[in-house]
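Every chain is named by a letter (A, B and C) in the order it is written, and numbering of its residues begins at 1.
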Amino acid sequence: ATDPPTTVAAAADVVPTGHTTTVAVTAKDMRYHPDTITVPPGDRLIIELTNGDERRHDLVLANGARTGTVERHATARLDAGVIGATVEGWCSLPAHRQAGMTLTIVTGTGTGAHMAAGEHGTEPVRDATAPPTPAERTHRVDLHVKEVQIEVAPGVRQLMWTYDGTVPGPVLRGRVGDVFEVTLTNDGTMDHGVDFHAGALAPDRPMRPIDPGESLTYRFNATKAGIWMYHCSTMPMLHHIGNGMYGAVIIDPPDLAKVDHEYVLVQSELYAGPDGEVGDLAKMQAEQPDAVVFNGYPDRYAHRPLTATAGDRVRIWVLDAGPNRSSSFHVVGAQFDTVYLEGRRVLGPDDPGGAQVLQLGPASGGYVEAVLPESGHYPFVSHSMVDAERGARGVIEVGPA
Amino acid sequence: ATDPPTTVAAAADVVPTGHTTTVAVTAKDMRYHPDTITVPPGDRLIIELTNGDERRHDLVLANGARTGTVERHATARLDAGVIGATVEGWCSLPAHRQAGMTLTIVTGTGTGAHMAAGEHGTEPVRDATAPPTPAERTHRVDLHVKEVQIEVAPGVRQLMWTYDGTVPGPVLRGRVGDVFEVTLTNDGTMDHGVDFHAGALAPDRPMRPIDPGESLTYRFNATKAGIWMYHCSTMPMLHHIGNGMYGAVIIDPPDLAKVDHEYVLVQSELYAGPDGEVGDLAKMQAEQPDAVVFNGYPDRYAHRPLTATAGDRVRIWVLDAGPNRSSSFHVVGAQFDTVYLEGRRVLGPDDPGGAQVLQLGPASGGYVEAVLPESGHYPFVSHSMVDAERGARGVIEVGPA
Amino acid sequence: ATDPPTTVAAAADVVPTGHTTTVAVTAKDMRYHPDTITVPPGDRLIIELTNGDERRHDLVLANGARTGTVERHATARLDAGVIGATVEGWCSLPAHRQAGMTLTIVTGTGTGAHMAAGEHGTEPVRDATAPPTPAERTHRVDLHVKEVQIEVAPGVRQLMWTYDGTVPGPVLRGRVGDVFEVTLTNDGTMDHGVDFHAGALAPDRPMRPIDPGESLTYRFNATKAGIWMYHCSTMPMLHHIGNGMYGAVIIDPPDLAKVDHEYVLVQSELYAGPDGEVGDLAKMQAEQPDAVVFNGYPDRYAHRPLTATAGDRVRIWVLDAGPNRSSSFHVVGAQFDTVYLEGRRVLGPDDPGGAQVLQLGPASGGYVEAVLPESGHYPFVSHSMVDAERGARGVIEVGPA
């Protein structure tokens, strides 16, 4: 089932340099890596395509060159001809192109930011491990609002509004009965505030938006267990949450058992504005996210997975920060024998039934537990498949016991 | 951080009258009130802008006039120049304009309906207090279908299909074991019917659509507790529910405790048709609501809040009438220690956990309870933020104990 | 309330044949059946319209002919004039046309596929009865991936990717402690795989996509009760699930009582591609389904209802296969006294409360039980009304005891 590769003549309107550029491309996870290739104008381009996926792919160029079908783990060599202008490429297997398996050849020098963006493994690292519950019962927390340009997807930088420079903000943790004393400082350029769902109090003063340069103290008692959202309290909140201002507070239930691994995943949406600028409020209002993510980045933990050992009991706290989408949190290959949802354990290991999904609406949360029975790779997703495709997925890598 | 206000010369192509019109505008809740200003052509316009919000705003006009930043509770005076044609204005603080903070100056006489529409406090009043449970065990209810033009949002009138002239229809209440004998009379111009989720029976006769001028009797036993939807049974139900024909029946659980305040909120969507006409079925089919509302009006209870006293236990029954959207019901500053969902109490005050959200899909309901610890303003929202921005929000005003 | 019917003169630019074609049309379920009428050019057309609905309708043609209002179960005769070109028709009662109550008269010979499509009762039959739980404790299952053209809605054929040739695939059933040994054979033209939520194991080998012509064995232990999704594991899963590759596995809870009738409904979405071709991935990505269905076909069981006898206890297992939409499963006229959701019975007959909706997100499931008190027709829907209108509805026909 392999067509012979074709080649093409030199493009008519560019002076051939006589040089050849050779680029290695990997097909993996239904993507080409890199997916932008920069070639000096007039160079002949050779693409060495290695298929790193568990399914077949090919590469077809708009100028007629094509690899023929490339089996799993095989490599094909494609003579793309002399490149004088932009050339589009794609995988011709059914539905792969529509699913985003495309590539662009451009003329120029250097590899550039866009090319690097095609490479995985460059996303900012964020450990999903749940922080330990501190011994002290009063938690003094400094939280700084920072408006920072960060990479939010491969090749996409945005001016995010953040708590402490990351999206989501830091995970806070305590026990029922603890006191949190949060000092919020606005290091940004517009007013921001904070709303902690983890405490009950009159919003008027502690949740008020504050000016750039100002601080406020927000003191609350953690009287109830659960995983609670916090977020900016400045209107329009759709924009402030949609542009990065949210995080999780975990208040342990009194009887919370020790497990082998404990992780925290915050699901949210990305509505990208122009490159380097603030997220697009109109897209938020139209409910058209560019990505749906766990812990702030599409496919996060696909390349640097969460880890466990065969036979481990793993607990995953999940908070749906929205601003708009629900979550159907699922771990491929696992069954949840324990489910905690919005303050209540609804399923435990002694129950004969199990759960495949933790269903969350915006601003709700809980945890699930599963024993991962053998070594291998267990993807996790929002099983709302359009969101999984948008980036709401990752992997738990389970090593041998 | 305050730029000096600017002024502009008279518009070129209008004869100045020599008169000055002065209008007071308040910036509040990310809106200008009024947001349309009518000025006799040729008048000079002065705007006195008072910032009634807890954050800064300004006002910039397309003709170049601008207030500079106006601090909270401050007032600025803007010389808008001689007005000869329509002039657009907006707040230039980040994202405020996109969030809808705009204003229009038009030439004409009188203030007109549109201008009045910009003023809050004109929306029809609807008390959210839950009706008491009647002592009698048989409830004879007259329900009249009325097709009436009502205000559904500031400045927007629609020909709504209603039960008894209001959207939602009346809240009915009883106890497990009660009998409801509803006489439905169709005072409208097309056929309508009713479907009570609160009783079990064969739909064929009682739910049949009836002609204008006809009546039917619908008798059901309330054998199960909960908050149940009722709605028109005429096809296409998407249109009949989407145009106002829904309401709630509360059947008290046997052990329902007395609380200090008990409210009922019905969430639904508005899909506006042309002014004064019936809601737009195409928008309903495309799931593009113009507003998402509690008890039939955007931001209802923002200006006439629900009330309580510090330390009060408040119970809020919530029904999601849809027709299409889910709800993530949340009260800012409160934690739910009690949650009842679709016939079952899933959380109580003795549980160590609490809930931040009551998650409802279309046609489901329940109640939440919280103790509001201190005086202040506790907003409630659907924490699906796009719906909160569309109007699914209000306020509980808590006075000192 | 009946206007006299009108007639129209012959169309100007066609030679009358002198013949008359008479066609019987039924108005039912807010549709005309057939909704396309083919007439030899130049024939006079007579439409005999019978209203089979419980509400009034009419028929208005663009050429001015109209029936006047037709009462329930009445018949009207309409002289449509001499037909020389396409003529559109519709019901003029409020909102009926917008709801899809339209009809087209075209010139030509024969009745053709499109006309047949207008007729109900031609959809493929699928029994919703739950399969019995087999006595054996090891289940050897052969599952063949087949890419087949099937009718997915009246007049719409698609090239569906299926398990064993049907959408959804077969319902599997067992008990806690059973072993399933599934042999998956790929009889298709591209790679496919399978992911069973019903078992816990490392996905790496059993869920791998396999080539056309290959087989794999997938062995899992059913250690937990529930209704579990299975689906294709080939990327992009949005496309493979969206194009038909899903089904349900029921693992009985140990204490599952016998009931009078037990049914299984799988909700899913249809995103139609060109006629006879594969579903449209772009529509899936845009969340714009053409239909939302139970057991693979819009309004399935509307014409061949599920059945029961008055007083029967009926159990309905419901799985939401998505790929994207939630479900608010509801039975009109019934109240659920028993609800089982994601591995846990959350409501039972002894509870004083009842449920109107089983709320499911994508890839979650459960069952509901109700006693249907008297004979009649009990429609079931997703009470997300836009989805009910898209086809997520059917009927339970209850006969006298």
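Simple rule for what comes next: a residue touches a chain if its C-beta (ideal position, glycine included) is under 8 Å from a C-beta of that chain, and two chains touch if they have at least 3 such contacts.
Keep in mind it's a predicted model, so treat the numbers as computed, not measured.
Between chain B and chain C the CA-based rotation angle works out to 120°, given as a multiple of 5. In this structure chain A contacts its sequence twin chain B using mostly different residue numbers, the overlap staying below half.
Inter-chain spacing, taken between the CA centroids of chain A and chain B, is 35 Å. For chain A, the set of residues that touch two or more other chains comprises 326, 346, 359.
Within the complex formed with chain C, the chain A residues making contact are 29-30, 54-56, 93-95, 98-99, 326-328, 330, 332-337, 339, 346-347, 351-357, 359, 370-379, 383-386, 388-389, 398.
Here chain C touches chain A in the complex through residues 176, 189-191, 195, 197, 199-205, 207-209, 211, 223-226, 228-229, 234-239, 241-242, 253-254, 278, 281-282, 284-285, 287, 322-324, 326, 340, 342-344, 346, 359-365, going by the rule given at the top.
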